[in-house]
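Below, chain A partners chain B and then partners chain C, in two separate complexes.
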Partner chain A sequence: MTAIGESVPRQDAEAKLRGTAVYGIDYEEPHYLHGKILRATVPAARIVRLDTSKAEQIPGVLAIVTAQDVPGRWGFATVDQPLLADGAIRYEGEPIAAVAAETWNQARAALKAIELGLEPLDVVGTMDEALAPHARLIHPDWESYEMRPSFPREGNVATVVELERGDPDAGFAAADVVVEGEYHAPRHHQASIEPRVCTARYEDGTYVIHTSTQVPFGVRDGAAGYLGVRPSDVRVIVPTVGGGFGGKLLPTLEPIASLLARKANRPVKLVNTRKEEFLSGCPRENAVIRIRTALSKAGEILAHESEVLMDNGAYGGEQPFVAGLSPLIVCSNYRTDSIRHQTKLVYTNTPPTGPFRGVLATYAVFAVERHADEIAKTLGMDRIEFRRQNLYREGDKCATGQVLEGVAFEETLDRVEELAPWKTMTGSKKPYRGVGVACAIWNTNSAPGGSTIKLNEDGTASLTTGATEIGTGAIAQALPQIVAAELGVSVDDVFVSEPDTSVGLFDGGAQGGRTTYMAGTATKKAAGEVREQILDVAAGLLEADRGDLELSDGAVLVTGAPDRKVSLSKVARVAQATDGPMVGSGSHAHPPIEFESGCISGSVINGFTGATYHTHLAEVEVDPDTGQVTILRYVVAQDVGRAINPQAIEGQIDGGVLQGIGYALFEDLRLVDGVCVDWGFGTYRLPTAADMPEIEIALVEVPDPVGAYGVKGAAEAPIIPVAGAIANAVADAIGKPVNSIPLTPFAVLEAIHS
Partner chain B sequence: MIPAAFDYELAGNIDEAISLLGQSGEAKLIAGGHSLLPLMRLRFAQPDLLVDIGRIDDLSYVRDAGDSIAVGAMTRHADVAADPLLGADCGILAETAAQIGDPQVRHRGTLGGSIAHADPASDLPTVLLALDAEFDVRGPAGDRTIAAGDFFTGFLESALEPTDVLTEVRVPKLDGPATYAKYNRRAQDWATVAVAAVQRNGGTALALTNMAATPVRALGVEQALADGADAATAAARVGEGTNPPSDTNGSAEYRAHLATVLTRRALEQLSA
Partner chain C sequence: MPDTKPATLTINGRELELDVPPFYPLAVVLREELGLTGTKTGCFEGRCGACTVIVDGETVVACIYPVGLAYGKSVLTVESLAEPTGPLSSLQQNFLEKGAVQCGVCTPGMLMTLTNLLERTPQPSEDEVRDALSGNLCRCTGYRKIIEATLATAEAAR
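So, the complex of A and B:
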């Protein structure tokens, strides 16, 4: 069994480097039409007139669709979102109509010819405005919307998550010290290089959609929901994806392209402009987090109380589900049995927010870890000592009462200590230099998945799965490595087909670090089935006992008798002639987790699956005259369960940390009265490679009981602790708290002089 | 965004370029394209004709011209940065060119293009202003020389006529220290604010990037230094005559503050 734990190169590396990979944006069908979307230019209005008759007269225009073509609403949780605005505009950028024409210019001209009459409405641009007494309801008919499952909600509050366990009031009453903090985090745009793009055609009663997505089955279901057809009447195929980071989880362009394609009876390609990406790109929500902690003088946590406001934007998407994760992270890291928590998801007249790598944990951990430093400071304790004393240990309960197993906080702290000894780092403090740590526990998404493997007649293996490669290497290297290890073939002899919902088994999508964890485990099961069949056939051919056989180098060998062997090619041919083609399939779902039911409401996420543990350390220098923060050192210790491909994981850590640096220091998708100020990279500033410090990485391997080989999610999490580690380092450097990100030079300068 | 439609002509030499420029009132010269094309993409510039001088090789050179160094207008930033003569006798120009954008930009963008574009956020015009550089210009009526101090007339506006071609830049050989203190929030970005400081002819000349509609001399600071003020006291006068913009990278107040900080640091570096 080789290949597991080896840094083999990814299968898609050469095509991506040479520019020959066919991305969604490169994909074209014969005689396709150019689609374009008319989007709202104001955040709130009543549509009093929508006349497409002049636009229909433009030469080359073959289809125009409006809400009349697609009545009804859809949503993962709350069924609140029309595909095209129906009577009301609730955010700037909301699609109102779409056209398909022979040329891009004709499509553009048609958009301009659509006559739109609007009556402006008061803009409910912020959470404060939305929660104010007598605020205008963004969805006046909210009570009539179906919600699956039904969570508490009220008016502009899209969902409420509550958790209470133990006796927090008694904890606060007994406290020697109470530490309080309020933390603010901005909107954060995914900024994938390839925008959202799809090409749809309608063929023999089926919508065939080639789209750049992370979750083909989610797009299938969403498109079918809007189109009013069965999921199987929609077929989603995924070309190479040019980045997603959560921004390509939800169906957006696909149902619109499908409608246009059916109406025009031609394939239709829709591509977002960069501005459309910024306007309608479901960024990470801006949020406010408030935490109160009751402590004894000795640093024991007696009770924990917290409150989170998440900006939902105008429609729900899957945010009500994401909100359910909030108590697990905001009330986490530190042992306590008395907890009270509330998260409110708030509708505003702003673009719908949505999933982004490390959903909500980026700001939750920023808040939790800033708070931990403030606690240590208040108690006069060393920051690492406070953490070592209170971080979850084996057998501790998380917020929902789930008993945690395989807790690896200690190991990550130890590995960071080896690379950057705390006493040395903090011993001789230089002016305006600071060190910060942040710890995080994170979940591996455990949506189910499945794989099918066939052994080809030449002894190679083909893997078919609905799982999707979005750049992490999970499909381009980890799954082939698993097949190679189980079947004793070279990684180069494992071929993976592109995701196609009509062919591959269901998969929960490239999200939440789940692909290797779930699809990988299913793939190991599928390979195991094939392996059993190979052994059956080879045992007969070699006249040997099954137990004496091993698979290696594309052949089956008798252990200890190197000249008694048969090639997999021969095994496959014999099997095909006698029993038919050789195939195995594997399906995997995570077993249910145990928690204290009744302590949480409004959530479907009641505990951790494949929990991973993280410690990041940052050393920074602050320029006291300009407020500029320079990162001098950055250290990551990450528990990955088992590293299938260490190099791939290190690449994900590099990328995640850089994205986290952007979140901590640079990025803020600003809105003024619901209007997006930053709709290009000219003002929305991403860090570049030249802003990147060297990242020192230690991989920790504490195996998961469920994942194949002990694997856990690895790619998502490295973004999560970054803002906390950097903010703690900056606070240490300037001797003042910094509780809002991004830490722009202006904000840091203000904090210095506060 | 996509630029508006335009015609394109490739000029074989400078005179041909001048004559082509005269064919249309809305013609623009293009060399490296790294200033003009972004403006065209945003449709801030909508020329109907682009005259390409990118293939005129004889405008790319660095030559010893006695007390000064002559640099051809088509010399790329990367070549300015790597030139040994400039490195030895006018290091500030080479060092500043090395700080522009990223390697791709430095291998396409030209010295003359940066000057003619007259962007107050650009680095090279500020340095040339502090150096009292001279610009040779050829137009339909022949050659003339414009001093850097007379060249930058407004935001993206210069003393160039529509039919002029900038051909050569001359900078003095320096015998004292000079430095360009540039601040940007993110690597490879335009300067939020920058300060060029040059010690020459017994005095100190300073110019500022992104503190007004044009690159500007910090005359108040120069005067204070001439009167014997120390670095911090002199730097406090840097705001005189400026009108800094406000944007994502900093408010006008923040820029004014930065200019003071950078000026003090530049002056301290000169005397170090």
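So, the complex of A and C:
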């Protein structure tokens, strides 16, 4: 099983390096039409007139669609979103109509010829405005919307998550010290370099969609929902994906392109401009987090109370489900049995927010870890000592009462200590230099998945799965490594097909670090089935006992008798002639988790699966004249269960940490009265090579009981602790709390002089 | 009379005559007229650098570079770095070995910027590599392995 733990290169690297890989932006079909979307330029209005008759006369225009062509709504949780605005505009950037034309210029001309009459409505641009008494309802008909499953909600509050366990009131009554804090975090845009793009055609009653997505089966279901057809009437195929980070989870362009393609009877390609990416891009939500902690003088946590406000924007999307994770992370890291928590997801007249790597944990952990430092300071305790005393240990319960096993906080703290001894780091404090630490527990998404493997007549193996490569290497490295290890073939002799929902088994998508964890485990099962069949056939051919056989170098060998062997090619051919082609399949779902039922409402996420543990340390220098923060040193210790490909995981840590640095220091998708201010890379600054500090990485391997080889999610989490570690370091450097991110030079100067 | 100046330019060593308006972005001409889709477009605002190509020894962002400016000049794209059936360039090979590619959509632009850097400055310092990359955005890798691959390429050429 040599392939496990080896840093083999990506299977797709060479095509990407030569420029021959075909991405969504490169994919074309014969005689395809150029699609374009008419988007709202105001955040709130009534549509009183929508006339496409002049646009239809533009030469080359073959189809125009409006809400009349696609009645009804769809949504992952709350069925609240029309595909094209249906009489009301609820956010700037909302699609109103779409056209398909022979050329891009004709499509653009047609958009300009659409006549739109609007009556402005008061803009409910912020959560405060949305929650104010007598606020205008963004969805006046919210009560009539179906919600699956039905969570508590009311008016502009799209969903409410509540958790209560133990006796928090008694905890606060008995407290020696109560520490309170309020924390703010901005919108954060995924900004994959390839925008969202798709090409759709309608053929023999099926919508065939080639799209740059992370979740082909989710796009299939969403498109089918809008189009009013069965999921199997939609076929989603995924070319090479130019980055996702959560931004390509939800169906957006695909149903619109499908509708146009059917109406025009030609393939239609839709590509977002960068501005459209920013306006409609489902960024990470801005949020406010309030935490109160009751403590004894000795630093024991007696009770924990917290409240979170998440900005949903105009439509629910996946956010009602994401909100359910909030108590697990906000009431987390530190042992206590008395907890009260509420999260509200709030509708506003702003672009819908959505999943971005680490979802709410980036700000939840920022708040929790800033709060931990404030607690230590209040108690006069060392910050690491407070953490070592209170962080979850083996057998402790998380917020929902789930008993945690395989807890690895201690190991990650120890590995950071080895690389950057705390006493040395904090011993001789220099002016405006500071050190910060942040710890996090994180979940591996456990949506199910499946794989099919066939043994080819030349002794190679082909893997078919609905799981999707978005750049992490889960499909380009980890899954072929698993097949290679199980079948004793070279990684180069494992071929992976592109995701196609009409061919591959269901997969929950490239999200939440789940591909190696779930699709990888399914793939190991599939390979195990093929392996059993190989052994059956080879035992007959070699006249040997199955137990004496091993698979290695593309052959089956009798252990201890090196000249008694048969190639996998021969095994495959014999099997094919006698029993038919050799195939194995593997399906995997996570077993249910146990928690204290009844303590939580409004959530379908009741505990951790494949929990991982993380400690990050940052050393920073602050320029007191400019407020500029420079990261001098960055240390990561991350529990990955089992590292299938250490180099690939390091790459995920590098990238996740730099995204976290952008989030901590400058990324902020600003809105003013619901209008997006940052709609290009000119003002929404992404981190560049100059922003990347030296990073030291320690991989911790505490195996998971469910994942193949003990593997857990590795790619998503490294973004999560970064803002907390950096903010704690900045607070240490300037001797003042910094409880709002991003820590721009202006914000830091203001904190210094506060 | 229309401008009769011949719209010829050399792309990856081949002289071509074009029949497109001179204000068309070079990236659109490369991708849509010539099928050279190795040059990626990420923003069409000249800021992400995915479309970086080399024109007469200078890097340009092809999404906002009018093709007319390249008339009479030599344009090099990612497809020029290795023969289709030949080995990868040393820089490409180091990208592969060091794990400098993830989603890969910024990779062609990165390769053109860094190929140009190594031609001008065969032994760059780490800071010079970071400076050269200031116009190339990567959202996946954190740049570290890209920098490592570049320094390893320079080291091997020493």
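Heads up, the rule we're going with is that the second predicted complex is superposed on the first by the 754 of 754 C-alpha atoms of A that agree within 3 Å, B and C clash if a C-alpha of one lies under 4 Å from a C-alpha of the other, contacts with A are read in each partner's own complex, and residues count from 1 in each chain.
Keep in mind that, in the parts below, a contact is a pair of C-beta atoms (placed from the backbone, for glycine too) under 8 Å apart; a residue touches a chain by one contact, two chains touch by 3 or more.
It should be emphasised that the depicted structure is a prediction, and the values quoted were computed from it without experimental measurement.
In the superposition on chain A, A:G316 makes contact with neither chain B nor chain C.
Contact with chain B, but none with chain C, is seen for A:P745 once the two complexes are overlaid on the shared chain.
In the overlay built on the shared chain, the residue A:A690 is in contact with chain B and with chain C. By the document's definition of touching, of the two partners only chain C reaches A:S192; chain B does not. By the touch criterion defined above, A:F666 reaches chain B but does not reach chain C. The partner of chain A that touches more of its residues, comparing chain B with chain C, is C.
Of the two partner chains placed by superposition, only chain B is touched by A:D625; chain C is not. When the two complexes are laid over each other on chain A, chain A has residues 688, 690 in contact with both chain B and chain C. Considering their complex, residues 102, 183, 185-189, 247-248, 250-251, 254, 257-258, 261 of chain B touch chain A.
Across the complex, chain A meets chain B through its residues 625-626, 628, 666, 678, 683, 685, 687-688, 690-691, 744-746, 749. By the touch criterion given at the top, residues 31, 36-45, 47-48, 50, 77-79, 81-82, 84, 88, 92, 95-97, 99, 101-108, 111, 129-131, 133-134, 136-147 of chain C touch chain A in their complex.
Note for the complex: chain A touches chain C at residues 7, 9-10, 12-14, 16-23, 25-26, 190-195, 240-245, 273-274, 470-473, 647-648, 650-651, 654-659, 680-682, 686, 688-690, 692, 695.
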